[in-house]
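Two complexes are shown next, each including chain A; its partner changes from chain B in the first to chain C in the second.
Right after this comes the complex of A and B.
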């Protein structure tokens, strides 16, 4: 029997890589020398994309990717500003903005035939072909680990929580989730129906004011304050802002009441008429490939929107994955077209309750 | 020796009505030099201040559809909404209240410090100046977070009050008080420095004469230092009022969104609701309010100063 030494294995690996490299380069030679500009998120997710995903893609395709950090509405603004002469080819935005971008003609449908990785995408994260999710967070309660969280959102309206809650600011998308919770509690209907009855639920919203210590707009800061014991519970926030602290041992974690939880979907869209669309599509496909999705999810504690990724049990504690687990947790995605059309008026009402 | 006109008649020629003559008159009058000197500043302000403000006012007269899409054409609907909704009026009043209180409290704290700088010895003046200016080296965000750790439920203030026997000390964080305290601290240097400069220009012998004539320190301050330092106070109040009214970071961090000022609403409209036209309308209201308040205040101060100065003669 031939025993393979470490040195022999190394030589074989190098040899295989050397043989394979020309194949990779020749397969992707159409992209050589091309460049695209993409709009990504800031923070740890953006850092991972810049440091890990982009360099590997540039190497494989012999191209250049210029990444500019931003956030959803800023990225939408960039697409608007360059609509007549697009500079960006791919944009990372949240699902909330996809209907607006589609309506304004800022984005193009994804060419399915050129994106083999779409085959594994869960249909609910495909947005009718106008983009794809990249990372899914779960929105729920976050609380100090010494506090026993209620199993129903309804309990948070009780007098025992006076001054002990942190409520998400109307500036942040999860504030819409809170309004849906209030409407669901008032009407007794599930989130899917309650979201259309928010207008009639502001008296329920006002009833929680005495329990609210402040309205936070910085999730990580609020999570830290809860960890310090400044407040008992925060509602509602995305898991990607809380679990990184939980994983580091901070006394803060999340809980998901029986009424259900919400999905926070970070997405990618293809900019309409953006430069080098072929390279843009290849990059978007790369973002959905299993190896990238696994690493991205483990880094940011978000669930992948594609099937077939294996995670350790330790990581799975923080993810709502696979799709059956999302369903088990009642992960709900609102009707953003309806929400967007009403959000300004709802924000004004929220301000009228909490800001005066 | 030939006269000047013999060397160059143009130098002494009588001006006529031609453009060249007017230009010459401007040069000889020194006005052109003045225009040339201020031209870069005027140009800079026109490009980087006036033009953006005009663009903002124009934007405030446009609209967007309910789903966030911009609509072409002009409308007054943003201003109708702004003036017909109680919420915005109440936040405008809060903005004015915070700015006025910050200016008043700032002036109260600033006078002793300014007098120490202007009338104290060189060492005292240096120490006080450095103490006042040093916080400006720290970013306002950091300073606000610093106040947060002092004012929160388990912060330094609560600890201090508990140690002196207050069983349940008030929690100031996330109240209007927290915003006010931090605004006074953040903007105090802008009040102290103009006041110190104004007090430094008051002739010390005037105060000495008053003291020799039997005036108490208080009446000396009220009847000499206060009136003669009004120009400095006017500059300080204008700066502090304007900066407090436009404050965004401090109310955001310390007010906990329970005490937003107009700046918070502007950010909310633009970054969250994507309603740039309405955000521009609130911005226009803020600028107009600050401008009008400053103009009225400066007019009152100038009139009072002229009367007191006249009386002094």
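Right after this comes the complex of A and C.
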């Protein structure tokens, strides 16, 4: 009988690891030495992608990923400016911009056969194959914890909120959510119908002006100001900008009035004709893998777009997950093609109303 | 005879200085708050935010990269700007006004437009050299500042002194170094300072041209603000204010030129 000593065990372990490592590397050897440039978001999501996801991916594929933090409009602008000779291979943008990118020929359809992780993607976050969501935030009200928030958006138009509200700037996507709320209140219709009647709701928008202390275009900064008591309530903002402060103990949290909430879908797209598409697709697939999605969601307080992820009850306090919970909360995603066609005119009207 | 300054004037200047300096004190105070988020007035006392910033490789990397970029851009802007300013002020050239207008045009066009135009150009040229692109982009916007300030100095050079030196037998290089240089030196230094600061602070050009490996401080600050609005942001701001003060002291002590003289 052979006795396995500690030294023998160590040798066997090293030997097994030595045999397995080449298998991992040979599987991904096609990527060795390749490099791609990707445009990601800033914020806690960008931080996690840069510090955790990319280093592990680079190690597994022996490749180089150069990530540049930005935001949706700038990332779309970069794709446009480099359309004839793309510099980026993958871009992170919000769902609002996907129809625009598709129409302008900036992005390519995802090759489903090369992305096994797409199997777990909820169909509503697939955008007909032109991208995939990576994280879902919930947009609603954020308020100081010493303030009792109203259970209906309608109350925010009341005189008791005079000068106590911070309103999202027309520059930011959640301002569209505010316009839909105003249209819903004016028409008495649900968000899905009200979004098509925004044009007739600007008198309702103007009525809230007396209650608005100022407009904000930086969510984390606005959440910080509400935490300090400079305003009672902010409307509307994505949970990913507010809950990190709540979790740190700042006196600010979110509430979701009875009319419903909005889904803020952060997505990834494949740049058309971008360099090293095979590596780009592998990276996009990695972003959707369960282990990555779980860690990513727990870090940024966003819900994953894929099924089958287990979270602790503490984490689930901040997430609308799984998809049944999203439906229960009435998470609404606007018709971005219609919104995009009208948004610049609405922005001008908003600027006209709130200009000092 | 020394003119006496009215106490009213002193008071007004004091109030103006207070208004200018007071906002700079606010981030200094916020940076020592022992809270997970920014509050004013600060609660508690800690220097941990400074420790976090200084220990953060991303922050250090961005700061050092911005210093390197600004120094290279300033050197190139001076190398191109001094001869250009001398030529434009000391000689009559065909199309002189058009040349000057072309050089100064980056000051007129919004920088964000210049940035996206440069990105398009580099993309069409097939360039992937991000650092070179940033140097070119920053030089485009810094050069006008150098040329403006150096041109002003050359215009004020007393030609009679040059003629006198030449008549007394001084060769051209001696006239340049002993007569012209002392007169234009403040303008060149002012141009260098402007160039360095414009490059160091630039956001709109860098936003289009930078990448993850070449990430200047203003872009880094923007991402940090989005990540978490905690007192580390105030700590970074305070360090930048201290850096600017240090720069002023170095200019005054090492180069022996006061900012008051540059501004006059």
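Rule of thumb we're sticking to: the second predicted complex is superposed on the first by the 336 of 356 C-alpha atoms of A that agree within 3 Å, B and C clash if a C-alpha of one lies under 4 Å from a C-alpha of the other, contacts with A are read in each partner's own complex, and residues count from 1 in each chain.
The definition used in the following text is that contacts are C-beta pairs under 8 Å (C-beta built on N, C-alpha and C of every residue); 3 or more make two chains touch, one makes a residue touch a chain.
If you're wondering where the values come from, they're calculated on a predicted model, not measured in any experiment.
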Next item on the list: Return fit or clash for chain B versus chain C, each positioned on chain A through the superposition.
Entry: clash
Next item on the list: Check whether A:207 is in contact with chain B, with chain C, with both or with neither, and answer first, second, both or neither.
Entry: neither
Next item on the list: Would you sort A:325 into first (chain B), second (chain C), both or neither based on which partner it touches?
Entry: neither
Next item on the list: Using the touch definition from the top, say if A:58 reaches chain B (first), chain C (second), both or neither.
Entry: neither
Notebook entry, point to check: Looking at the overlay, does A:354 come into contact with chain B only (first), chain C only (second), both, or neither?
Noted result: first
Item checked: Touching partner for A:244 - first (chain B), second (chain C), both, neither -> second
Margin query: Going by the contact rule set out at the top, does A:228 touch chain B (first), chain C (second), both, or neither?
Written below: both
Margin query: One more residue to check, A:99. First (chain B), second (chain C), both or neither?
Written below: first
Checklist line | Region of chain B that runs into chain C when the structures are aligned on their shared chain, from 2-10, 38-46, 200-208 or 290-298 | finding: 38-46
Checklist line | Common interface positions of chain A, toward chain B and toward chain C | finding: 74, 228
Item checked: chain A residues within the chain B interface of the complex -> 73-74, 76, 80, 99-100, 103-104, 169-172, 213-217, 225, 228-230, 337, 340-344, 347-348, 351-352, 354-356
Next item on the list: Could you pull out which chain C residues touch chain A in their complex?
Entry: 36-40, 116, 119-120, 123-124, 126, 128, 207-208, 210-213, 215, 219, 222-223, 225-230
Margin query: Quick check on the complex: what are the chain B residues that touch chain A?
Written below: 66-70, 85-87, 90-91, 94, 152-154, 173-174, 252, 256-260, 265, 267-268, 271-275, 278
Margin query: So in the complex, the part of chain A that touches chain C is made up of which residues?
Written below: 37, 41-44, 46-47, 50, 66-70, 74, 77-78, 81-82, 84-87, 218, 220-221, 223-224, 227-228, 244-245, 248-250
